[in-house]
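Structures given as structure tokens follow.
Same chain, two partners: subunit A is paired with subunit B first, then with subunit C.
Coming up: the complex of A and B.
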């Protein structure tokens, strides 16, 4: 109950600190240029003839949408968690009468409005360039927002899982790098999943990576059918719930082992 | 001069010792950079393999660019970036004083402070990609082409280093700049494709402002034996301009350093 009443305040604090470090955040957001690197390649490829369903405009819309979705569903809790566990700074969070994960989640969610402000020009440009059939039917908009939140849940709790591994082992950063490598390949970040051979696509369909990026992107640019969306949302929230449960379990066992090194 | 070579050897030895101390970490880092290299090849493979040439580049020819890109990335992550990230740290903490007091050139000292020897694996991977590309092309490059290509690569390293030292110099004015080096690294990522696939202002930017054309496309073209005759001279001139500019900006910037205590 106390958590519920405290949450709006936590969000306000998170928003204020996001505003305070806005330049830093902008530079961090500018480092996400990878979709532009991919876009340059693919629009050169599609200049002469379309690739599958994708022509040049569709590629532009797709990669701009990946940036927008990644900005709006992103999280950085894993770095914070690893650093605080190693330095012992976590102990001061544990003393507070509120679950640290709740505070982290508020921090991360509160940055989203500011990120949206940065992402908005890209989204507008994407729409203006005319490549995307951006859905405006209410049920599709709702589905997109749901999928965006689902993507955030998976990203956040996977980060908590990897971060919590720091309680048990040294090199959890490398584990997150491995997750990132799979993410790049199988989420549709580097290459739209449709362009892979069909067996890769069916593997990507059952793994969680697609549901952290590619799935919302496909809804946003109007490339998925209603049946796909329903099935996708079901899988996405199943992964989200699973990740959350595992994260809480690992967190609980981990905190018991936590010795607050030097903190 | 001999003194500086000895100093360089010493700094290198210390970095290797440091790497050997955390050997498990070094090994995973090395393995991971290999994974990233392979991942970087995926879009190229999906986009170009067994398809018509794009902007004048076939899959095999574009592989040559990726090969040089991987080699340069190894140099960047192994020899340039680690030291320069350290400089930003020094400036923030005010410990740069200790470096400046030493009786050797400050720019030399800060740029050789740290190496990450395991990044050499990228050099091996890049060379392997080059060999593979020429195996696919079916004809090995001529000796002259290799010599010209290596020369252009050395120039590319000079440009790369000068660009980074200018970025670091900016840290004397604005302290919180450690993420700017990440920004530069992500800009450098554009160098994995031939510059001719970019259009308009983007191409201008990557030819003259952040000259990734000079860094990866020219050496690749030289190796393929299709470098336009004037380009080598453009490369040499560009490298000179950047090197002098880097030195100038750094020496001026260091004059503005006020240390943390004052």
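Coming up: the complex of A and C.
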């Protein structure tokens, strides 16, 4: 109950922190603009004829949408966790009568309005370019928002899982690099999954990466049927729930070992 | 075992750390990739003590004695390897929210204040986390402001505050929920003398106003002498002394120093007939005498017309502890 009543204040403080770190955050957001490179490449490829369903306008819409979705569903908790576990700074969070992951989640979610300021012009440009069938039916808007939140849940809890591994090993940064490598390839971040051979698509369909990015992007630019959306949301939230359960288990076990680091 | 009210009970506490050991050199570095050697280091060994509610106790020991480890076990941050611990009727390692709402741990070298935001934001965050009613929060903040004078500084970003201002705000943030038990780990470290005095006065006032049990570690013996009628001394993780500060001084150094001031250089050989002369210069002498001989020595010295001033001092606490630790170093670990 206290968590629920405290959350609005935690969000307000998180937003104030995001504003205080605005320059750092802007630089960090700019590092997420890799899809612009993909956009330039694929636009050149599609200059003469479409690639699958994608002509130049569709590519523009797709890659702008990936930036928008990544901005609105991103998290950085893994870096914070690794640093705080290694330095012992986690102690002051553990002394408070609230689960530290609740505070981390508020910090991360509170930055979304600021990121939306960056994402909004891209979204508007994407719409204006005419390449996207942006959903306006209420059920599609709701599905997109749900998928966006589902993507954030998976991203956040996977980061907590990887960050919590620092309780058991000296640093888990390299493990997160492995996650990122698969994310780049299988989430639709650099190449729309539709353009991969069918067996790669089948694999991507059952792995979590697509549900952290490609799935909400496809809904946003109107590439998904209602049946795909329902199935996708079910898989996405199953992954979200599984990641949350594993993260909490690892966290609980890891906090018991926290003493080894002193601090 | 119970720790009724907000007392502390520790019985047979042990804490071991498992530490990775690697010798220097490239070959050993490569070898450690495949095979690691671990060693168990005992940080706390068979420690037992009891602290009554409202007591102010100094927790002393040299670096690496196990003080911070013990404080972290008492506050639930570390799990003991063996032994029993109860703080305010709770088992700290379970870190129940009801327990965390009753304690606070201030570490002089760590901070909870949000670095780029003003302390008022940390206060607001703590109000929400500890579920402090608005009226109680305002009243406590007002009281803390009276003691610490933080109203003026709490609206500046933490990073722009001086070390002393930050420590005042740290203390306020740590006490907003009115904890029953205070663990203070080097709360005056790095502070200048006037700020040390301010923090020391604050801790005493807070304890007297609220009756909070206070366990304090500090390398500044003035802090301990001013705040703690009782001290617990540990070394190499083991209890070396638990009792009144005065008795510790008397036990380790059963002598007093008589400080004498003269108009001219005193006669050293005459003073040596009274006790051990530790200082003898142009206008000052210090003579150490056994407590039992003090009255007679002072009476004799006051007969000397050249003595302008005479004061009696206990040996500095630093010296007493140095001697205690030297004795325990001579014993097997």
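General observations
Everything that follows uses one rule, which is that the second predicted complex is superposed on the first by the 259 of 263 C-alpha atoms of A that agree within 3 Å, B and C clash if a C-alpha of one lies under 4 Å from a C-alpha of the other, contacts with A are read in each partner's own complex, and residues count from 1 in each chain.
Heads up, the rule we're going with is that a contact is a pair of C-beta atoms (placed from the backbone, for glycine too) under 8 Å apart; a residue touches a chain by one contact, two chains touch by 3 or more.
Given the structure is predicted, the values throughout are model-derived calculations rather than measurements.
After superposition onto subunit A, partners subunit B and subunit C are found to sit side by side with no clash. Of the two partner chains, subunit C is the only one that A:258 touches; subunit B does not reach it. Contacts of A:235 after superposition: neither subunit B nor subunit C is touched. In the superposition on chain A, A:28 contacts subunit B only, with no contact to subunit C.
Shared-chain residue A:171: touches subunit B; no touch with subunit C. When both complexes are overlaid on chain A, the residue A:185 reaches subunit B alone and has no touch with subunit C.
In the superposed model, A:6 makes contact with subunit C only, not with subunit B. Angle at the C-alpha centre of subunit A formed with the centres of subunit B and subunit C, after superposition on chain A: 90°, rounded to the nearest 10. With chain A used as the common frame, subunit B approaches subunit C to a shortest CA-CA distance of 6 Å.
Of all residues in subunit A, those touching subunit B in their complex are 23-24, 27-28, 30-34, 36-38, 40-42, 44-45, 47-48, 51, 171, 174, 177-178, 181, 184-185, 190-191, 195-196. Residues 24-25, 28-29, 32, 35-36, 39, 42-44, 46-48, 51-52, 54-55, 176, 179-180, 182-183, 185-187, 189-190, 192-193, 197-198, 202 of subunit B are the ones that touch subunit A when the two sit in their complex.
Subunit C meets subunit A in the complex at residues 15, 17-18, 68-69, 72, 75-79, 95, 97-98, 100-101, 103-105, 107, 110-112, 114, 116-117, 121, 124-131, 157. Of all residues in subunit A, those touching subunit C in their complex are 2, 5-6, 8-10, 12-13, 16-17, 20-21, 88-89, 91-92, 94-98, 103, 256, 258-260, 262-263.
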